[in-house]
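We just call them A, B, C and D in the order they show up, numbering each chain from 1.
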Amino acid sequence: MAGSSFGNHFTITTWGESHGKAIGVVVDGVPAGLSLSEEDLCIFLKRRRPGSNPYGTKRNEADMPEILSGVFEGKTTGTPISVMIRNTSQISRDYSNIANVYRPGHADYTFEQKFGFRDYRGGGRSSGRETIGRVVAGAIASKILASLNISVMAYTRAIGPIVAEGTHFSQKDIFSSPIYMPDLAASAKAEEYLTACMKETDSAGGIIECVVEHMPVGIGEPVFDKLDAQLAKALMSIGAVKAVEVGDGVLVSQKKGSENNDPFHIEDGKVQKSSNHSGGILGGMSDGSEIILRAHVKPTPSIAKSQNTVTNAGEETTISIHGRHDPVIVPRAVVVVESMVCVTILDLLMENMSSKLASIIDFYQK
Amino acid sequence: MAGSSFGNHFTITTWGESHGKAIGVVVDGVPAGLSLSEEDLCIFLKRRRPGSNPYGTKRNEADMPEILSGVFEGKTTGTPISVMIRNTSQISRDYSNIANVYRPGHADYTFEQKFGFRDYRGGGRSSGRETIGRVVAGAIASKILASLNISVMAYTRAIGPIVAEGTHFSQKDIFSSPIYMPDLAASAKAEEYLTACMKETDSAGGIIECVVEHMPVGIGEPVFDKLDAQLAKALMSIGAVKAVEVGDGVLVSQKKGSENNDPFHIEDGKVQKSSNHSGGILGGMSDGSEIILRAHVKPTPSIAKSQNTVTNAGEETTISIHGRHDPVIVPRAVVVVESMVCVTILDLLMENMSSKLASIIDFYQK
Amino acid sequence: MAGSSFGNHFTITTWGESHGKAIGVVVDGVPAGLSLSEEDLCIFLKRRRPGSNPYGTKRNEADMPEILSGVFEGKTTGTPISVMIRNTSQISRDYSNIANVYRPGHADYTFEQKFGFRDYRGGGRSSGRETIGRVVAGAIASKILASLNISVMAYTRAIGPIVAEGTHFSQKDIFSSPIYMPDLAASAKAEEYLTACMKETDSAGGIIECVVEHMPVGIGEPVFDKLDAQLAKALMSIGAVKAVEVGDGVLVSQKKGSENNDPFHIEDGKVQKSSNHSGGILGGMSDGSEIILRAHVKPTPSIAKSQNTVTNAGEETTISIHGRHDPVIVPRAVVVVESMVCVTILDLLMENMSSKLASIIDFYQK
Amino acid sequence: MAGSSFGNHFTITTWGESHGKAIGVVVDGVPAGLSLSEEDLCIFLKRRRPGSNPYGTKRNEADMPEILSGVFEGKTTGTPISVMIRNTSQISRDYSNIANVYRPGHADYTFEQKFGFRDYRGGGRSSGRETIGRVVAGAIASKILASLNISVMAYTRAIGPIVAEGTHFSQKDIFSSPIYMPDLAASAKAEEYLTACMKETDSAGGIIECVVEHMPVGIGEPVFDKLDAQLAKALMSIGAVKAVEVGDGVLVSQKKGSENNDPFHIEDGKVQKSSNHSGGILGGMSDGSEIILRAHVKPTPSIAKSQNTVTNAGEETTISIHGRHDPVIVPRAVVVVESMVCVTILDLLMENMSSKLASIIDFYQK
């Protein structure tokens, strides 16, 4: 596959450049019979929209999705759903100074080396705008998961050195922070930190955490399409993510087996884990506990501070990147993480349906 | 795909259970004309063999690979290479006490829930023995990469809290430690730590680092099959890995853009990065610097210490796991990490060949 | 994969329903550096456009393609090319009488059984309009093949019982017939036959032949992704095709080995076949001769003649299908066959580039 | 994918050369809980075994399959099933005369051009022995289909010009002919024809027909993974098949819509087709009628008659191929066709399970 598709059953194919005519996604394999409208998509898109927080790009774009196919009389038909969002705020001159210069921390150099040239307008295909397609697909997947009583919630765990305390946040907790950081004291400190970053014409990174509740047991395919392996790919495929953790993540290397194993017990007649160091995944399959994931996001590479770099003619130069850039992308990326988790989980839920012969017989003999 | 295959061009399909008749791999898409023998495979397999270090299982298995197809007169023919290793040391009674009990930290519970029952002998498919197939494939991929002058080297960065210092290790540095930890002072401390773990009938985790040198620029496919995304999947698909980092990894969230961006400069007439926080990957494509990856490995879940758990009949019980278990799997997993990195990189190198029209014309018009 | 994608390297994903807002395709894996404009697409689309011959639907639709992504300053960038065509001629009342009735020979019944309901407007996803996406992709693939000096030409071999004589037709021969039947005497007879069919309120089928010239030797991947296997899938995936032949096709069963084998000889210092019963494919790979394919197309199922059928409530009824239907789809399907052949061949040409280790080394060491 | 795998859910990967150490298949995605033993595989393998009819190769090979993984206590576990058959009758000197000569009608030339050299022993990978892996997979798929009450039966429809009359054959009818031709009068004539071919040191082709009964409605994925498209690929991927027909196949081009459409009626309260010109497939999905397929098989290219050809050094020569060759492969290929149909149908049955949202909810909420 050529790289712009993800998932084997619920298959998303994103397309579009930052400053092209439009951006979008084709979602194939959507089961028939789901109520779906543009409003469902807007709920998700609103969360990644520029201007949704004070620390985002000033690019003012409505990002109105148009469903072009796959929905009839308000319901999905089982055929591919094509969704397009017109780019309405392309100002190409904003980017004219970077046409021949490689921005540090960006994909300019690698794109040009791979393909021989590049669409230099706003990062082209490597722009964060590509994630619009992911979020549209995530909105669809999320609606299906909700009908299975599975909830997926992402939030800001950290901005720079400021870390949110607590667990088991509600959606209300998350949404009450302008940066989706459900510990409001931390959220306030993080806003101060971001304000300082902006003053320094610098940028910040952070950590996005995602929790999945009410996941059936046994989802994920040994040995390469493990639940955690697919989730790691899904999250690492988001630009700016440089590390992915499951459960206790990077802490496990320092623990002993007796500390890290989660004992089992019986509760209400059901098998339960007494702790959840595993983050809800054992042997690459969901174990019935909360799934816990963390994506570590690098600081936005576009900064107004002067940086050393080179031109594509091989000359050294400096660059200061002005314009409509986010000093931090974490808040807007929260819904991208949530979307990729929804898409990944749904894909594996669909795959799992044929794991047992008894299930197949049951399905076709009713 | 059903889960046991990895890669689109250089495609590996592993099969086999710990205590079945044999274990193996089919590698399809191997280019024709590579010299290959069982000896090439043994060089890699020896590094993961039980008994290769004092902290591994006492299971004594020669792990002699047999190449069944795809090689003719000492060279690969372009057809699938099937490699089988007979399991010669299965002692089923070793595992009789766990047939009906879910071992904490293992895949017993999730396997049984997914498939309705499980091969309880030694973990069955979820056993570390499955990685034999990966290492065989890694040995083949590594030979091809070597012919392209690309080197891939993994080593032990940490065992429990003991962290190796230094960078740019040679293979000699790595192999001079019995646990593949190239900082010999740290290696000695780590051995003490492991000895203590064994006395406590407990187990340890650690960190495996992998470095790729001389990588061409532009390898990796935007936007889902990014180099880092595929590597994250590859590493997270190894049992016991709970976190994956690229370059500065989890540290990036606390840094500012001006600290994290790698400036470009010209050196010897070529574009170079002045630092390598990115770990050799920008925008999901190799950027010409060293690729740096870290996999965080949890402590071996099989411990002799008593643990609370349940039976598959829903009764609470305790379990002490005796037998041939590694107190730490990190040293033996080093070559597994290296193998998965080789396989992933080679797959994307092959994919990259058709990125430019000029390359295709050049290929077919000569 | 969910069914709407084809190809592993040059990957096309079509979307859209006959009477939805729009119809289109995303083509991923297009190599960078190809000159491409909407005009290139129109050349192909014009050949399948309604009204292009007197025996096509009266639906009058301009079918103007809009390239939404993947092209910058007139050249492909290596990123996905999304092309959309608005449906401008949807008159839903045309189809109101068939909302609850299964049209014989159509996919109404099977779609409704699979998905629980269906978009009954003009066949929805199973409409011939879906092929617009294929033709757009074919136009792109064809341009790339032309730059490799590979030519692909399809034409009408038969309409009903009228069979064109001759071989080695030029594009001029083909285009001089309004039904793309390069034997003009046969073409005239076929037109009479079609006129008679229309008078009888009936419809006709036919045979489309496709010839590929200047194909490099060795294209196609043993053993499942053989060139002929992929071509058979490509052609059989076109609605209305009920048989696919390669070379002598259905005649081979009656021949003896000595009659069917193609001897080799040397001509101009090169290996040549002395005959071409194989149709240019041996062992699933191109053998350097002309590739010859035939697709057998059933008569259009939409006829005004009264037919027995049932409603989706399980009642027997009759149906006469009036409206804008083609009495024969063969002439308009010629370019669809040509497009699918172009896409399939290009995909396998790209796959073939990594078949030899020497090629990979050559590619990366220059 | 590199070419040796087929199927997305029930995924088979064959490997092995005619005169290598062994030949085999890995079947991934087999649902857990199926009773399976080597005996089940032998029932199918016996039908393709050399020596099973007087018109097959004299190569005497037991073809004893060994199940190496994926089965525990007599049942499939959901993990990959690896099956190996040792090649016990390789006599390399039989083939020494063809090492440097391209046999007409064989893949010698194309293999050598693609990969730079070839395993010349008995055709290597392009040998009919590769189909052993397909037949093993077919035996597994067939057992699963039987548990769903779906029957798949292939038989010889024609040998050379001798065509069997009749339809709705029983397995007993088929097996009572040594060449699996259920019209015994035709079978006798065909045997005479084959005897004559052998006297002339020539070879014969034929037609294999396959019928699927009790198929659920709606199986197959629009628009590229249609049931007929996947079946066409499956059959055309068998060496020697040069044409594939569905239902009335090549006859449809000469019929009118009113003759070719199958009217619907109600029978026993269910929707039924009044005829079956479609061969059980409408719009790429099963329509509830019998699925009818035909594969046209070319005469065996290995003949003792002298043929003109060339060496790989570019010199003209002649060749007479003596040794253990089938004068007709049709009888032995019957079970290969049946196997590929079983594998294809099962794969799409599994894919179909997630087509409706209601089915997914039903599956996970019980």
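Throughout what follows, a residue touches a chain if its C-beta (ideal position, glycine included) is under 8 Å from a C-beta of that chain, and two chains touch if they have at least 3 such contacts.
Treat the numbers as computed from the prediction; the structure is a model and nothing was measured.
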Can you list every chain that touches chain A and also touches chain D?
B, C
Furthest chain, CA centroid comparison against chain D
A
So, what's the distance in Å between the C-alpha centres of chain D and chain C?
26
Let me have the rounded angstrom distance from the C-alpha centre of chain B over to the C-alpha centre of chain D, please.
38
Please compute the C-alpha centroid of chain B, do the same for chain C, then give the distance between them in whole Å.
44
If I count partner chains per residue in chain A, which residues reach a count of at least 2?
1-5, 8-9, 14, 29, 32-33, 78-79, 114-116, 125, 222, 351, 355-356, 358
Spell out the part of chain D that touches chain B in their complex, as residue ranges.
1-5, 8-11, 13-17, 20-24, 26, 28-29, 32-33, 66-70, 72, 75, 77-82, 84, 114-119, 121, 124-125
Residues of chain C that touch chain D when the two form their complex
1-6, 8, 14, 102, 104-107, 109-111, 113-116, 125-126, 130, 158, 160-161, 197, 200, 202-207, 217-226, 228-237, 239, 242-250, 252-266, 269, 271, 274, 278-279, 282-288, 296-303, 305, 307-310, 314-316, 351-352, 355-356, 358
Quick one: which bits of chain C touch chain B in the complex? Just the residue numbers, please.
8-9, 29, 31-34, 76, 78-79, 144, 147-149, 216, 222, 349-351, 353-361, 363-365
